[in-house]
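This structure is in structure tokens; I'll ask about it shortly.
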């Protein structure tokens, strides 16, 4: 365990007396008994620490977001590949039972074609000094979206404002465009009177409501939707039919996400396999955040996304 | 009562046997015993019918939106002013106890400076053939926003897509910018698995959650928020303080909104006064919808709004 | 249409101009064109009016409860049988999509053995002058219970108090015992700050939550429960296993209950068949209410129920 | 720290390495450095362990319920008084911000006269082998009721059944009678498909809904109720008027209840004062549980309560 603040290290050591401690990260990286490190530090330090760890031959798990810029993220990916080390990003939600269930419902085709992904993540939250609310909160939604949606984003339009003089935006709205008529949208807000964590996913066959604040029944699947009559006999005919059917809340795996995630990291290290939340997914998320921040600064101007690094879900 | 469909007229007459009926609107307009008319027809006919009614010297109440274009709306305003007739638009929500309470909380300063207005109006709704979802649903939110917010919108950025080939957009997101750091946002959607009617209004002193689906307690006022320390002694000091206080749900006037609205219309006609939802508010809403539709077609491009017709809240 | 109050009759006639009216019920009963009557009057008049209608050869639908005493209810049943006329009681909830679904889930065995039926029906309601809260509210729950449960009640224990000097009990709790370990309980209350309409039904295989205030999803079925190991290998072994599975909210028939009920009444009259809510069910409910009121007066003393009139579900 | 199971002791010691451990409780009691002990063991052992601790001169905090019988509880009270030691029972909920707020609202008269106390505490819970559901769950509600209500219970009627052959009752309903028209009722159930923790408290001026599962807003106060006209001008006049007013959710102290409780215990020990949840309150709760269990075995038979030990709130 390494922390530059002595008192925090002491307090952590008291809880886990078996773990050796140091305030010098170099000692950690130089220790040949250490195979892998987890980096949970301010975003601005992710790049430097992860790079040094990789250069020292360690496998690395980095807290979200992977890095403070896509250039840094790309550099880390290259280093990990050159060294043959596992580089994993801590997109925690991907390891929850809820998101695993959504991913499986999407990929199995049970929802049909995906029409939209709409999430709201708001509450009275801590205003960050160094980043806007997109970097802090939307990263969660973008990482979930990246994991569950089959197609890749093409462009972003975002809006938002700051309510603190000289501060970063504390409320933001992101629209993500895809190749087809799939659309994604996120609302993130540090200044809401109530806590909301709700995602709607609309498909041509079924639709999902994912409410992360529900103690159980986080995922509800609605057998509702529309059926489009593409060949109406007359222009005056109704083109759209409506279905309202049953609702179903599947039992979810209740294992703690961090436990699943850490076990997965260890497994990837031991077997040399690619993590579910590999560095490429970390890069894709950082690129979206960069684009959204740029769009927000230009009051919604559309920002096209470059071709992503690495084929997705190959 | 006038309806071009004979069977609908017959069925309505059976319920209200005392009311005379006709299938020819001309007979209505030419009848000297008729002082005022209410127009509840497809949007595309609003302009023509309202104009003829005004030209026949009637006072007019038009369903929302006032007209299919701001040019038409402007022309109706001019005609009403020239004739000295009342022209009122049916922004029904303005007449609910909930919106009246919000308006009074905002104007009394109880919320402090208004930071944001965020509304979600989604459900599995009827796909309209002639207009997009903004014309159908966002009109409600824009009319509420127009009524309760003290400042005037300056620009709009909107995104959305259609999931029916050849159809109008059935999901849309609008951001409305104001002169200061106030921001408004609306999410409207005909293709949601659940019905949501929720508006968050954030102020520097207090914040409101307005949930129109609550049978009672539609308005909740949170004595929560942030306090910004504008003169920190050092750049490293915390700039933002947090308050989490009581919540309060005031008892609301439960009178049916339509009843209040119609009584108000009659009162304005009899006393020659300007309605709470006058034609100028109808025009402002139509301009916002036009701008939002244009922005949506250009994937979020910012559309500046011209100076609005008529001073607001003078 | 017959009403002794002239003004109410006039107002009703205005809405339904085609219906003939009278203030003398004798005229109604003597009219040979009238085949059937619906009686919606104060409870104390049910017996007299229904009896006269039956004696005049009419088929009769009586609002709940069937009569003010079980003796009266029994007398009505005899008269209807002697005359060969349909006598139906207006247990409205039995005709809702929700209760029909519950009945079908119970009778199909999907819930397994029924363990308990627990309902809460409370709100700030009108204090009745002539009857206690059991006669007013619990009748609904008893009629639902009577319809969906397979076994017959054997005894009742009830408690309650009045908070108005000289008034009837405005809060009451009923426990209904059955032959086996099935237990039913009802909480009814005119003096609650919030409205609750929730019934829990526990079975050995599945359990139901029926919340009548939910706009949709009134019925939720939980694949949860316990499994009892009846032959543990040792006394220290765990005897009870737990299952927590999926939840499922079936789509319900949304037809208005009164519409279904009236159509059923007409059908029974035309075909001479026994209604789903026949007079025997009306009598069973009245007997339970009588027993519960007696138990409540004696602060929970157990009241055994006599053998019910007429075999149930034969 | 003392535990007869070696492995549990080892695991606890690893988390709190500074605490000395033993598997022999005698060593604990004989240790002169130990001033006070907390007993968190099966109910059947409370009496013996607490008695020995008191006899060894220790101050004692016992988990709820205080003892397995009122005779045992009484004996412990006598021992504590003779030795001049603090004997406190762990009625944890009394130390929550929510219950403290309720107690203050009741005692300040803000609710007016208290009409009823109604609580529901149900979920799919662990079936206990040695006690029925009243001993396990209703103890919580009885201890809250004991703390917040101004009057003392006079009699109990309870019903319930077991759904496991040879097992204790897993579902139970308790009615508690008081001198006046105050009534209390509790529903406890180990076999419910959903978790409910809701208490309604009705007063002549205001009413409370206390929902312990709400993350915030656990307490809602309704300015609703009835006003009784005690001198109607005629017997046909309406005797009861209705008020429906604002709702208010006060901010609650969010300190962890156990932390408050332990600090209070230490304070009582140091200052020699009587705890808020003293042994007399523990005895009152045990007496109610005993009476309710006896009533339940006799299917609701009313059990009168003897005069309680020690004046309440003197």
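Should a chain be cited, it is by its letter among A, B, C and D, assigned in written order, with residues numbered from 1 in that chain.
The criterion applied here is as follows: a residue touches a chain if its C-beta (ideal position, glycine included) is under 8 Å from a C-beta of that chain, and two chains touch if they have at least 3 such contacts.
Computed from a prediction, not measured in an experiment: that's the story for all the values here.
Undergrad: Where does the A-B interface recur among B-D, C-D or B-C, taking recurrence as more than half of the contact pairs being identical by residue number?
TA: Interface equivalent to A-B: C-D.
Undergrad: Considering A-C alongside A-D, which chain pair is linked by more C-beta pairs in contact?
TA: By number of C-beta pairs in contact, A-C is the larger.
Undergrad: Using the average of all C-alpha atoms in each chain as its centre, how far is it in Å between chain A and chain C?
TA: Computed from C-alpha means, the inter-chain centre distance equals 52 Å.
Undergrad: Report, in whole Å, the distance between the mean C-alpha point of chain C and the mean C-alpha point of chain D.
TA: 36
Undergrad: Report the inter-centroid distance (CA atoms only) between chain A and chain D in whole Å.
TA: Centre-to-centre distance between chain A and chain D: 44 Å.
Undergrad: Two or more other chains touching the same residue: where does that happen in chain C?
TA: Chain C, residues with two or more chain partners: 244.
Undergrad: Using the touch rule from the top, collect the residues of chain D that touch chain B in their complex.
TA: Contact set of chain D toward chain B: 216-217, 223, 244-251.
Undergrad: Which of the residues in chain D end up touching chain C in this complex?
TA: 115-116, 118, 120, 122, 124, 127, 129, 155, 157, 159-165, 167, 171, 173, 175, 177, 181-183, 185, 187, 189, 191-194, 200, 202, 204, 207-209, 220, 222, 224-226, 228, 230, 239-240, 242, 244, 295, 299-302
Undergrad: Quick one: in the complex, what on chain D touches chain A?
TA: 14-15, 17, 195, 213, 215
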